[in-house]
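First the structure, then my questions, so here it is.
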Amino acid sequence: MNTFGTLFRLTDFGESHGPAIGGVVDGMPAGIRVDFDRIRQMLARRSPGSSANVSARRENDEPEFMSGIFEGVTTGTPIAFRIVNRDARPEDYEAMRDKYRPNHADYTYDAKYGFRDHRGGGRASARETAVRVVAGALAMQVLEKLGVSIHAFPSAAGNEAIDSDADLQRVLEKARKAGDTIGGIVTCVVKGVPAGIGEPVFGKLQSMLAMAMMSINAAKGFEYGDGFRAAEMRGSECVDEFCCENGKVYCRSNHSGGIQGGISNGEDIIMRVAFKPIATLPRPVHTVDRNGNECVLEARGRHDVCVIPRAVPVVESMAALCILDAIMLHRSRLIP
Amino acid sequence: MNTFGTLFRLTDFGESHGPAIGGVVDGMPAGIRVDFDRIRQMLARRSPGSSANVSARRENDEPEFMSGIFEGVTTGTPIAFRIVNRDARPEDYEAMRDKYRPNHADYTYDAKYGFRDHRGGGRASARETAVRVVAGALAMQVLEKLGVSIHAFPSAAGNEAIDSDADLQRVLEKARKAGDTIGGIVTCVVKGVPAGIGEPVFGKLQSMLAMAMMSINAAKGFEYGDGFRAAEMRGSECVDEFCCENGKVYCRSNHSGGIQGGISNGEDIIMRVAFKPIATLPRPVHTVDRNGNECVLEARGRHDVCVIPRAVPVVESMAALCILDAIMLHRSRLIP
Amino acid sequence: MNTFGTLFRLTDFGESHGPAIGGVVDGMPAGIRVDFDRIRQMLARRSPGSSANVSARRENDEPEFMSGIFEGVTTGTPIAFRIVNRDARPEDYEAMRDKYRPNHADYTYDAKYGFRDHRGGGRASARETAVRVVAGALAMQVLEKLGVSIHAFPSAAGNEAIDSDADLQRVLEKARKAGDTIGGIVTCVVKGVPAGIGEPVFGKLQSMLAMAMMSINAAKGFEYGDGFRAAEMRGSECVDEFCCENGKVYCRSNHSGGIQGGISNGEDIIMRVAFKPIATLPRPVHTVDRNGNECVLEARGRHDVCVIPRAVPVVESMAALCILDAIMLHRSRLIP
Amino acid sequence: MNTFGTLFRLTDFGESHGPAIGGVVDGMPAGIRVDFDRIRQMLARRSPGSSANVSARRENDEPEFMSGIFEGVTTGTPIAFRIVNRDARPEDYEAMRDKYRPNHADYTYDAKYGFRDHRGGGRASARETAVRVVAGALAMQVLEKLGVSIHAFPSAAGNEAIDSDADLQRVLEKARKAGDTIGGIVTCVVKGVPAGIGEPVFGKLQSMLAMAMMSINAAKGFEYGDGFRAAEMRGSECVDEFCCENGKVYCRSNHSGGIQGGISNGEDIIMRVAFKPIATLPRPVHTVDRNGNECVLEARGRHDVCVIPRAVPVVESMAALCILDAIMLHRSRLIP
């Protein structure tokens, strides 16, 4: 379904070239003065059009708030917002109405629903992630009051590790010149989560974070702490010994990635999300149409070389939704 | 929380050395004759004590069904079952009442709840996964009627790829002799899921599968299709071109791992789960106790060298719960 | 929370005098051509301003659809809509910013959230029910394909039974002349629900219907079948004997109101909802302000004499949301 | 489905004459010493066999706790319990395997599931309510720490108001002698709920309470505050004027029943639940069997004259589940 979260909930709607995308945030605590500039800044980081290597679609992604905020302060009731699709050019996609783009959701939507809004990927477009960023920016404003901060960054692009923004631009430029697209990895670090957040068994913090991250377009893998490398390690290599200083228990290392038994241990929560290369290639591909006829497809519309620059604020946002929800769940049980 | 699923739901309870573990399966279709032998066989695959390399605890893991089955047939009402903890030896754990085992959930449970049932890990013990296997075995009996089959297997142990059971035993034996524990990878393949299963945005099939798999004890990473390797590939290397034969659309390759845009495309669904080494080492480790005093901890109780042999049926079971739930969700909308 | 339903879900937002009210309908089956006129007609029945006895606020309650409909047909993705608050006159309410209107939600919202959007009742205003009517009208278009129809009508107003619209207008006029407000009862009949819909125990059909109806502003009571009269009857007076004709089992009477053991039995589902008199009286009342000072309050804004004429389509809509959700839940289990 | 609640959740299982009934309580705060005697006392009040006018089935309804309690204290993990069906006499019901008892769930279960566990009503039996009482007794132990108390009592039986237990016994005896069964009303008062509990719109406190109460077997109606009488009153007759004393706002009257706009106002929460007469009559009734053949049915098994004596603790328990859940929901948002 299209709702994420238990207590801090985002219900998300909209198609890439329909009238608008938007969301409803339910569970927002009352009395918080909203910092609209921060929301805009988060959106700007996700926004297309910031360099030659990302999609040229230019949208003034200004969310229009419709409820839940009174005189600049949250009321505790649902915060609904929409972002109008001003720069939609559905005619770019007319040729694709009946053709299935490989590695996209065209065929699967047709299989599921019998037909689809084909314009720009419709509901499956990454444009929808702007909605998550608005909700994430709201969640972060609550988390900040709780001492929690979230920071994500590209840590690999294609087959290269990334250390700086210059690094990243160089790798993206190389791919663009090669007439291809690339994937990459986004690393996310959450600081300040107190020990005790997360639930045993199905509500493990890593379980919720994995669900959140794998719901982002193009995500193919999730890991936390030592992740897949842990599979290759010996137990003695990844022990996080406890020690105690000034009455505070902590770990000497952080192989666990800040979570043990599904529950935060007070260390930084560290996770990585792998993204596949952009599916729309700047070259013709073979495919079939709705009637099963083979055909060749040339991409039109506006597309990025690599998803990871724009994925960074989306990863941060999904982390924020998860962590705040988990904190609220934990606090609900602190009785009396 | 301790419930998994939306329409086919497992509510799971129990501690490792409490009176019993068990679960309640809600949403089971009525009129299905239960194959109890298959449940036992699934449980036997997860059961400890089958070789020198796995925990020596011997439990007769016979689930006792308490409801929802009448004259051997499901009634459509909740199926509750319990597995009594017969071979519990809580005294093995008395020394650990106040000590925090590294990489376990001891400290985090104390931080969350103020105290814990320390016996054998309590609720955080992998013993709980037996409950998932019973529920998974029930789900599989429904899936079978829908033409879906699920098969998981160890594909890596420590830093070695695994091709056969002999391979696996050799690697485990090596670790045991080295006085250490190892991690590994379980690969899972789901066949027969029709195209169209899974939901857009937050309900993506990979999102639900990731949540399911990351809730298994010791899981550190999840990927599907090309997974983390996709991050290193070029777009032109991982195109799944569509073709058509006898009126049926399919893909020439399966980089997508059977899911596109969160929805199944009719190809095999392929995923991999990374598990860390067993946290309890057969050697002393440094840690602290509840009062912050440093201490040395020697493992007692019965412990495995590697989690993956026993994780295989758990991975299959979680996949079964996810896939059946997604199919039921999809079918609920097929109106009229 | 602000979401209703499990499989057919309405997430509802908006304040009476904020920018807009609206909703997101998730779970709508794909491929249904939307009859927008019917939605408008349902809204018109709920709309204020249709006679001297109802609120004079005139809104052009035209829902603006933002997603989930492509070329007039539902796509299976969330249908978001908003209704802009064009005729808002927040200045009417300035005097009430700090005063607590008796029998309204002013004090309780302040107690819950620390402050409130005081304009016209904010989130607590019955204006919000327009959102339910849009969602209900969508649900009815699905139900119609399943052979289900829903009809509600005023059956009492004040202390008089109501048989016709002329009856109702007479009673309302009498109350208006008396300078008072009155309550009443809405009866709702659902025809065509097949036997077998509804869930045992907590998901009983009457349980869901009661939750739905009691969430409508000013509802004070719910009953189905014989309802409160059943409490006064002898068992032998309310037996619904089964009989059989042409192979179809049915009941000779319908004391049960179409539901037995929480599950529909194929007879008409009959329920009644009691509404209290409009809380805002056309005369001064004593109350206190936020600081605890006693004060007198004179109603401003635009208010009805009686809620029931406008409640009728809201009752129908909530019934539609419930029944469709229950049917979808039932169908999800019909495997294979 | 068979789970009640959002944060304090009861998952309920079991058939009247199956191996056991029971439940899983999830969300119980940790660190609460369980008063098992109080649970037993609550169960004893619901228990059959306490007088000539209630069912003669004698069960030692001793709940067996399987998890979530360690050394007498709640651990924060799910509390599972079962009550074994010791005094089951399924042979009493053999004659009813194919016959549909009027006003029972026999026909509707067959219509829903294709067949049913016919023994004593199976899942539809009121025996299941013992599970709710165990969970309710746990919830009350949390509520007590929050200053909340719940008290229910029979306020009408048949067509007579009830003031005392002697009154009630007299009315029941009269019905028993008349060879008939009767219905009645249970009134429930919740004291000590602070102002601000409950959610706007769909999560209104009365909405949750109505859902809870209408899920009890034989409940036909729910009302709170003035309830159905409010429909007959004038607005000026049911104004709850606010006043203020020692800085505390309160109401001079309680027509609202302690809830305004879906949210508690600090006054007593008062509600009434109407129950129909026991469906099983001590005389033959006409009905049909599964094959549509007309037949006569004579009740066997053990049955009450009136449900309300035993319904009282069930009403209290459902109120406790609701109120605690709402309080936890409210507290989860109190950030920071």
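Order of writing sets the labels: A, B, C and D. Residues in every chain begin at 1.
Definition applied: a residue touches a chain if its C-beta (ideal position, glycine included) is under 8 Å from a C-beta of that chain, and two chains touch if they have at least 3 such contacts.
Values in this document were obtained by computation on a predicted structure and should not be read as measured data.
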Each chain counted as touching chain B and chain C at once: A, D
Between A-D and A-C, the pair with more C-beta contacts: A-C
Longest centre-to-centre distance from chain A, chain (CA-based): D
Centroid distance [mean C-alpha coordinates] between chain D and chain C, Å: 25
Rounded Å distance, chain A centre to chain C centre (Cα mean): 37
Chain centre separation (chain A, chain D; CA means) in Å: 44
Multi-chain contact residues (two or more partners), chain C: 1-3, 6, 12, 27, 30, 76-77, 112-113, 123, 200, 329
Chain A-facing residues of chain B, complex: 1-4, 6, 12, 100, 102-105, 107-109, 111-113, 123-124, 128, 156, 158-159, 175, 178, 180-185, 194-204, 206-215, 217, 219-228, 230-244, 247-249, 251, 255-257, 259-266, 274-279, 281, 283, 285-288, 292-294, 329-330
Residues of chain D touching chain B in the complex: 1-3, 9, 11-15, 18-22, 24, 26-27, 30-31, 64-68, 70, 73, 75-80, 82, 112-117, 122-123
Complex contact set, residues of chain D against chain A: 6-7, 27, 29-30, 76-77, 142, 145-146, 200, 327-329, 331-336
